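Two complexes follow with subunit A in common, the first pairing it with subunit B and the second with subunit C.
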Partner chain A sequence: MEARKHRFHASIAGSSLIEDTSVSTSVVTSPATPLSYKKHKHSLWQRIVRARYYYMLLLPCFILLAIFCYYPAILALWGSIFTLDYGRSGEYVGLQNFRELFNDPIFIKSVKNVVALTVFGTITAVTVPIFVAEWIFRLKSDRAQYIYRILMVWPAIVPGLVTLLLWQFIYDPYYGLLNAILKWVGLNEWSTKAWLADPDLALYALMGTAFPFVGGIGVLIYLAGLQSIPVDIYDAAKLDGASGFRQFLTIDLPLIKGQIRLNLVLSIIAGLQALTGPLVLTGGGPVNATMVPGLYMYQQAFTYGRLGYASAIGVVVFIAVLALTILNMTLFKDD
Partner chain B sequence: MADTVLAAPLDERESAHAKTSSSRWKDFKDDWWKHLLLGIISFFLFFPFLVTLSISFKDLSQFATQPFWPTLPLTWSNYDEAGRIVIPFILNSIVICGITCLGVVLIGALTAWVFANYDFPGREILYYLILALLMIPSILTLIPTFVVVSRLHLLDTRWALILPWIAGGQVFAIFILRTFFAALPKDLFEAARLDGAGELAIFARIGLPLSKSILGVVAIFNILGTWNDFLWPLVTLTSKDIFPLVLGLYRFQDQYYSVWGPLMAGYVIGTIPLVILFMFTSKLFVQGLAAGGIKL
Partner chain C sequence: MTHDRSSDLSRLTASRVSRRTVLSATAVALAGIQMGVPASRVLAATRQDANLSGKIRMEAHDYTPSESMEKSDTNPIPRKALQDAADAYKQLHPGVEIEWVRVPTGTDSRVWAVTQLTGGTAPDIIWTQGADTAKDVGKGWWTNLNPYMDQPNPYVDAGAAGSAKWIDQFFEGPTGAKYAPDGNLYVVPYDLVTTFFFYNKTHFQNAGVEVPKTYAEFISTIEKLKDSGVPSYNGMQWSRPQLGEMLIGVWKDQIEPTGNAGAYTIKDITLAILGGIYDATKPEYKEWLRLMKDSADYWSPQWTNTKTKFDLQFTQGQLGIYEDGSWRFGLLKAVDDLKFEWGSFFMPILEKGDGVGKSEYATGKEPPAIGGATANQYGITNTAEKNGTVDLCVDWLRYISAPAQASKIIGELGQFLPNMKDVDVNDDLKDALKAVTSGVGEAGMIAYADKLDTEAAANIDTAVNNYLLGRADLDKTAQDIQDLLMNSAKKLAADNGWS
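So, the complex of A and B:
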């Protein structure tokens, strides 16, 4: 009530554009802070016009975002309800793409594969780095800590593709490192396997490319989390006679829950979208043993030109990722 | 006091005195099993790459007789052959990633600055709109962005890479930079304004120089992301002369598979640029993550 009266006064006075006077004439009676007081004084449109300089500064960002982020996102959702075959104009087909998708045996197989890969990948990406971070954290020598920290970042420096190509070499049936080691150890029967070409082994071979499962960033994130735990807690624990392992269970784990959740979410998001691994190493084969939705989408779009169908795949994966992320964030709420 | 307590590794106070060689040895003895485990993991991390290095110096006959252990004499010609193909790709990557990084840092910083320091209608809405983009998995937008780029007739050009990368990269940059800028002392800006400086001048002459370290972290993250991006260049580029490094290596591998010597040499050359970058920026990189701990 008060506010509206003031607005009326101010616009009649015509001095609303001069901030000083508006504040000084009404600061006594208005209970609000100067900032929100301004909101009552000027109409929305006036405020927008006055802020036009700031909007202009934001333009470069938003133009780029509009063209390359927002529009494609909308296009993806929109395109999934059309049959956009390259070359033909799209016909509206409603949810038919999705119906076809859920009856598509290749797609179903790809979902099973990606779930297996993601589960395995997430478990290893979340748990193994915890141990490595713990070991580094509890080293007594600063120098050793520093050295290992740098070493563990190595996987993040090598381009992911180079790592994949190296694994392609390792898995090579005739010249590969893996088979050579197996032969050297005496497991001759295993040393002739075509790891990436065998339908039964290919998926596991793909999982193995993450060996030794110390993805560079994970260890660093956990380490940062561990180092932010106040030392006093450890002193108190030692006084109570808690051993190292007990400390780990009761102090470290609960206090790095935030980092664990971060790793969990990032791993799931990355795992479900996995595409380059199968693309480079197996092409989805043999016989779709390593097909994943991401690769299926890629093939449908670029090999077969079925843009609408491919968009539908993208939408399904998007919804799955979104749902899982939200689930994660609500289930593991910070206490 | 609080700083040293939080930043210290465990047991720092016990070893606060200067380390003598005997105390170093004691440290090592106590921790031997950790060193063993960490050593094993490090071995597995580096072993494939060491084998690559050793094979890169072999010619075909050396490989036939002794595939994995290093052999002499070192066949440097492999590097000649591979280098001729791979080094142009490296140059392409440097140019493309450099421009992208510059774009992300400049536009991202400007945008974050506006969000951090000024109030205007819809500020929070616009900000959350930007953050919402972080939720969209790249898989969803892969094909539509391709369609957009194709309609803009940018396919097979450097801009097909640079523009979408700037668009995507600035989201993360804005996210990180806004908090940082908001924490800068505002009195400096007030003083500058009284002296008659315009807002942009305040941004460029005061804000940016104060934020060098965080801008560096943003730059590095951006370079890492764009340098290693393989899928997007794969989808949008077809002429070899603009291939960035990673895509180039992929094609190179197609051509040279089972010509192991030069192939491995190519991989080694391909790893060098980032290793160099990392050597110069490792402090920034490791501490940028450690600052305050990044978590959800």
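So, the complex of A and C:
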């Protein structure tokens, strides 16, 4: 291993780095790294210069990130304090866009909607896959486990848009599957509902499109966590007479906390940035009943040509996602 | 942004005719005669200059030649007339290349155009709308076509409309309404569109109803359709402002239209709102709301969802009445396995009187024709300016607007009405053409939403829909709309210095 690393250094870094392989290899391979650095006290700049070839390898990635991720975000932050329209120079308005935003009933409605969607989406995306993962994990046959793992991922190859369009048919008031089932079970009053066109129901209908709420990726994340738990712990628990449910509560859940946190963060981010469902199924309607900040931002930017105002919406969503992520990381901090 | 290259063009058209030109012109003339085009028109086309050269990239929208001539669900009307025109044009001008640019499926054309124009990557000619180019004044995106419109279209017969000035080729009313507030025309208003009610004759027969002649009859019709168990109607679309115009149209006596050809502009309506003439709390406006509500109970329950595929529902025989644009004629005719007969009718008149579907405030006038040159309008972009292809683009647009070409291009699609005189019209659109070209279409309406700020219009729509759904009462809705109108008018007046 050590020899292979030396070759790697030599091949990519050239002779100058070979002179200092003791430091480089110790950084990579040994827990004694701090000691090595204490011996060779280099400044940050010196260390950067020494490792310049590694940084150069990372450079293309960071350049692309800067152009396509950081630059637009900074531009949005900057644009949010201007009135901007495509093709015209903007006028500085300070925090006016934000003041208007927090008095904008459609934006406030969109925030309420996205909170409802996020809470529902997060609860279902975090909880339901745990039970499915647990069920697969406890299957005795490795082959069965493998098959179910594949089945969990399989739906992911169907584009999300197709699934949404299927739901459009399922929700059709006259010919949809949902109303047919409701009629079949005798709920005649409910079997005539226009689920996506009724302002009182449309948001719930959007929530329902995630049915059966078993995200394949979520299941796999949990499953990976469960599979990394040492078997000895389960053996000890069994000797102590712990039931399956007890094992789930006291072993599985605490030991997959990292995976729960990951799913939680991903679900919150996905929820707050929700756009596709409302865009495809309702267009934010009826009467803004399913409007979400992402869609409202899109409308403001492209339909009304208010780039500055749209940027302000983007900044607010960014701050919300950041705050919730930090809160989540703090609450779920590893002991 | 203005672009005056009239002198360049004069120089080009005055250049000598080469032997190659004569030969190619002869070939085109013979080909044209073979295709049944009157010889005079073909000969008019041969009077062109062959020195024009360069590449044009065009987003021709509805007329973009289909990638295949095989009919399918995604290609219901295979079309190649524009490609034929391009091929003939290239024979006239061998140095010219024309490339079609297609907007990605599912993409909003305006969003796409704005993105391309902002990035400076737009095709030389793109589909747009006069209302949008009017909003873009000052951005430098579009070429001012006024100087070109004053020149002859060399591709029309001598003495025919357009032979002295290109602008004469177009119907005055709809074209006049397309001028931007700065007095410039930024689009070639190629064709016209209007709206109809398409109905399923089988459902009408089963429900025992006839084509309605009045708005009250219309309500009775959709009520009976609903009672017969059929999703009756996709809900009022353009008929909303048509109905409104038959009520608040009475205010027009007090509002001076300052647009071309008697068109009302955003400024006119803004000042009318500020002056208290245009007021949503007035009885005429409230009647408009009340009359829409009279019919709303009988609309399809899906009318509030803009994503509902009513076109599919109608084609599959699931919907009684489908309010849509004139393009539906072509699309319905293109469906081979349609299992019902269909017909069409125009917006019924609002009668004076009391009760459901009538109003004492009705003007008694026929409903105005929606439309105008709002289907395919072509603007020449800043890309053409940059590439120096403006003259070439203008010449190509003149070529396809000549009756010989336009008849084939517009007729093949069968969805729109020509906005050029002497161009053949499909039989089912002849009456509609008269209605649309006798006035200025929607541009002459004060109830049409394009006379308001886009965002305010959307918010008013939401307020109206809330009322139609029974989630707000009439007085509150009228007051909410009035507040939206007033706020928008104040902002527009302040931004533009209108008083």
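Criterion: the second predicted complex is superposed on the first by the 267 of 335 C-alpha atoms of A that agree within 3 Å, B and C clash if a C-alpha of one lies under 4 Å from a C-alpha of the other, contacts with A are read in each partner's own complex, and residues count from 1 in each chain.
One rule holds in what follows: a residue touches a chain if its C-beta (ideal position, glycine included) is under 8 Å from a C-beta of that chain, and two chains touch if they have at least 3 such contacts.
Here the structure is a predicted model, which is why all the values come from computation and not from measurement.
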Which partner, subunit B or subunit C, touches more subunit A residues: B
With the two complexes superposed on chain A, say which partner A:304 touches: subunit B (first), subunit C (second), both, or neither. second
Would you check which partner chain A:280 touches, where first means subunit B only, second means subunit C only, and both and neither mean what they say? both
Identify the partner contact of A:231: answer first if only subunit B is touched, second if only subunit C is, both if each is, neither if none is. first
For A:199, decide between first (touching subunit B), second (touching subunit C), both and neither. second
Classify the contacts of A:154 with the two partner chains as first (subunit B alone), second (subunit C alone), both, or neither. first
Contact-wise, after the overlay, does A:208 reach subunit B, subunit C, both or neither (first, second, both, neither)? neither
Give one of first, second, both or neither to describe whether A:288 is in contact with subunit B, with subunit C, with both, or with none. second
Both subunit B and subunit C touch subunit A; at which residues? 168, 175, 280, 302
For the subunit B and subunit A complex, residues of the former touching the latter: 5-13, 15, 19, 24, 27-28, 30-31, 34-35, 37-38, 41-42, 44-46, 48-49, 51-52, 67-68, 107-108, 110-111, 114, 118-122, 126, 130, 133, 135-148, 152, 163-164, 166-168, 170-171, 174, 199-200, 224, 227-228, 230-231, 235, 245-246, 249-250, 253, 258, 260, 263-264, 267, 270-271, 274-275, 278, 282, 285-286, 289-290, 292-296
Interfacial residue positions of subunit A with respect to subunit C in the complex: 86-88, 106, 168, 172-175, 192, 194, 196-199, 202, 280-283, 285-288, 302-306
Residues on subunit A engaged by subunit B in the complex (per definition of touch): 35, 44, 47-48, 51, 53-55, 57-58, 60-62, 64-65, 67-73, 75-76, 79, 132, 135-142, 144-145, 148-162, 165-170, 175, 177, 180, 211-212, 214, 217, 220-221, 223-225, 227-228, 230-232, 234, 256, 258-259, 261-262, 265, 269, 272-273, 275-276, 279-280, 293-294, 297-298, 301-302, 307, 310-311, 314-315, 317-318, 321-322, 325, 329
For the complex, give me every residue of subunit C touching subunit A. 108, 110-111, 114, 117-118, 135-136, 138-141, 231, 301-309, 318, 454-455, 458-459, 462, 465-466, 469, 471
